[in-house]
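Scrolling down, you'll hit the structures one after another.
Presented sequentially are two complexes of chain A, the first with chain B as partner and the second with chain C.
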Partner chain A sequence: MVSAEDLLPEELPEYTRSYVYLFGALTLGSFVCLVASGLTLALFGPGWWHVSAVGHFVNSIHFWSVQCLFFFMVLHLWAQFSMAAWRGGRGPTWVVGALLFVSSIIAAFTGYLSQLNLDSQWIAVQGKDAINAVGIGAFFNLLNFGQMYSIHIAVMPLVIGGLISVHVILVRRRGLVPPLADDIAPGGDGREG
Partner chain B sequence: MASRMVEMVARHADGGSHRPSPCRGGVKGAGAVMAGTVPHYVQWGLVSITVANLVVLGLMFVVFAAALALRLPEHRDAESPPQGGRQAE
Partner chain C sequence: MKGELASDTRQPRMKPYDLVREALLALGVVAVVVVVLATVFSSPDEPPLTIRAYATSSPLSFLQTALGDLDGSGTIAAYGPPYNNGSGSVQSLGPISPQQWAGVRVPVNTATDFVLQPLGVVAQVEPAVATALAQFEHAAPAQQAAWEAAYGKALDTAAKAGLEAPTPPASAGPVGLLLPALLHVAQVGGLDGLLLASHHFYVTDYTHPLLFISGDALGTQAQRLHLLGTQWGMMNETGNYPGAVWLWLYTFWYQIPPFSTSANGDLLIMTVMGILTAAFVLTPWIPGVNRLPRVLRVYRLIWRDWYRR
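Now for the complex of A and B:
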């Protein structure tokens, strides 16, 4: 698998000395905030997050953590795409990243459906037509709050957490992709070990 | 003016808890983050985007460009070996 030294490296290559390499970690940090605030919201329920001042605050933390997550995840995507980060046998890492992107969208959408206010009702009533149009309306009923809420607080956190674990392990296993310039030299293909 | 009056009435109708009126979000649609505000849209051909969304998009480009342009600060004792633990190879 991955040795302890590779899992928590003490040194990184010089070419990683850039803020661009922080976006993945910032995305992960946002996810941690999401899980923490989401657990709190789940423990106390909508009667709390709609009424109390602290409930409003934790609700806001959860909402803004989502904005941060997508903000940094897209920046991470732009950075990895521009440096062709799938080079050197890192294709699976890219695929898992793409799955994470789609999973995050599903989690965010079910989250917006779980607000238990008129906003979420609007989203459900409008969104059901799109889900029905792609043929999965029989399996995912946006008007079924229980289903949408359960998917949001139980299914998607497990899926996303699992994918993140695989993603990070793959990154640690292969190391950070070297700059494109290194691959342009004759005979160089960026492949390692 | 009328929307502000409705918002004030909604805020104080619940005994001053200042809970956002649920009606605002439903009427204004999913694009409204703040209760009682109307999102302003920017039209460009087929593209229709809220001003807030456009600002966030612009911010993303700015942050990305800044991340490329700015260098991480140099570690003060980069030349000295790490304190404790394994020696870095």
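Now for the complex of A and C:
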């Protein structure tokens, strides 16, 4: 379990004084912008943004939020990798973060399929061969708009929201990884610590 | 563990921290950035291709597609699972073929679904189409194939002559009337609806119309917009917008042999990506990879203040 003090710490080690530590929060901020703009788009229906200037603007916010999400997530990922942030029993935190990255790709992919424009038409027919080749296309049909839209607006946000919760709790429970002692070359697997 | 953490020998000083403030600040920064980007650059929205537009702009290509669907020589007609029992697009690695194992779960019969059924609706109001359709459906398969072959030759001749549509030869029998009738229905927008409305009143599944235009029709548009697989298509976006850059590694494999030349390229690439994804998830426990940060020493930059002290 994680106490309220662990969840909302009032002080952190000084070595966390770096902009690198903001990438995670910026990724989370992008996700909030995505959910807010996505909920607005969902409220008015998938066709709204093609016929409304306001809808198109909300879609633009959604579009750029995705770009920001991946931009900050990749920076966060590289920063955590560079710090070998899985040390000290923090391996599960890395695993959940990696699953978040993969889930975000699936969410973005189903989002592209839900656009109802030429891009979604092409991605559906282009992507179907790879999905069919591994047998997944028999169950998740990229050409079935209803199925892809449902996955995009309901299933994936729940999966990602759940994984984010676990990720944040794990970060708070284990604390932030301390600096490496670079004059010594110890093992680096996630069981250490 | 001895020597693993600098904090083993040095207790870090603490600094005040407000998580809620940091989260709100990050949200505010991102919100401002996306609103500015949305205002200045908007977002891409290339209108979808309709079958009507395809039939109007490329009638010969439309007729070739329809003939392929009717005679079974088209890509989708011979595709294989999950659409039908063909083998044209079935991929495997030796005896391993998840595509075959999953079976036919989205059944598509291109001759019936894309050509004969829509023409059956047209036949209700066009007696000539009704007669030709009855003649075709009651003919022996060999006769049907002969008519289709004759019409195919006429299409080839028209293509070489640069014509928009062939003059159907008598040897094409009812096919010479049926396919031009289908073209005409498509050119007035009827086929877009007929391919969609073949099952239910409410429709959310676009499998049939998308498969109908999945070949030359969408391919031509995709090439114009640099979206083809050989053009790093999965990563690209219509217009001058950033695309799905995060798919660069997946798209990369399609550019190099043996993936770009193999008939099982998709399965090969998905297998490689599956292995790489598993490695990514399990990075902390992969010897060598989990020591890379110590070799790269980027952490010296991140914690430069700590090491300076």
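In this section, the second predicted complex is superposed on the first by the 181 of 193 C-alpha atoms of A that agree within 3 Å, B and C clash if a C-alpha of one lies under 4 Å from a C-alpha of the other, contacts with A are read in each partner's own complex, and residues count from 1 in each chain.
Quick note on the criterion: a residue touches a chain if its C-beta (ideal position, glycine included) is under 8 Å from a C-beta of that chain, and two chains touch if they have at least 3 such contacts.
Nothing here was measured: the structure is a model prediction, and the numbers come from that model.
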First (chain B), second (chain C), both or neither touched by A:102:
second
Return first, second, both or neither, reflecting whether A:138 touches chain B, chain C, both chains, or no partner chain.
second
Examine A:50 and indicate which partner it touches, taking first as chain B and second as chain C; both and neither are also allowed.
both
Quick check on the superposed pair: does A:146 touch chain B, chain C, both, or neither? Answer first, second, both or neither.
second
Who contacts more of chain A, chain B or chain C?
C
Examine A:30 and indicate which partner it touches, taking first as chain B and second as chain C; both and neither are also allowed.
second
Touching A:75 in the superposition: chain B (first), chain C (second), both, neither?
first
First (chain B), second (chain C), both or neither: which does A:179 touch?
second
Just to be sure I follow: which residues of chain A are touched by chain B in one complex and then by chain C in the other one?
10-11, 17-18, 20, 22, 50, 63, 67, 74, 78-79, 112, 117-119, 121-123, 126
Complex interface listing, chain A residues touching chain B
5, 10-11, 17-20, 22-23, 50-51, 63, 67, 71, 74-75, 78-79, 112, 117-119, 121-123, 126
Seen from chain A, its contact residues with chain C in the complex are 7-18, 20, 22, 25-26, 28-30, 32-33, 49-50, 56-57, 59-65, 67-68, 70, 72, 74, 78-79, 81-84, 86-88, 90-91, 94-95, 98-99, 101-102, 104-105, 108-109, 112, 115-130, 132-139, 141, 143-147, 149, 178-182, 184-186, 188-193
Interfacial residue positions of chain C with respect to chain A in the complex:
1-9, 12-20, 22-23, 25-31, 33-35, 37-39, 41-49, 81-82, 89, 91, 98-99, 101-106, 204-207, 210-211, 213-214, 218, 221-222, 225, 227, 229, 233-234, 237-238, 241-242, 244-247, 264, 266-267, 269-271, 277, 280-285, 287, 290-294, 296-300, 302-303, 305-307
Of all residues in chain B, which touch chain A in the complex?
17, 19, 22-23, 25-27, 29-30, 32-33, 56, 59-60, 63-64, 66-68, 70-72, 82, 85-86, 88-89
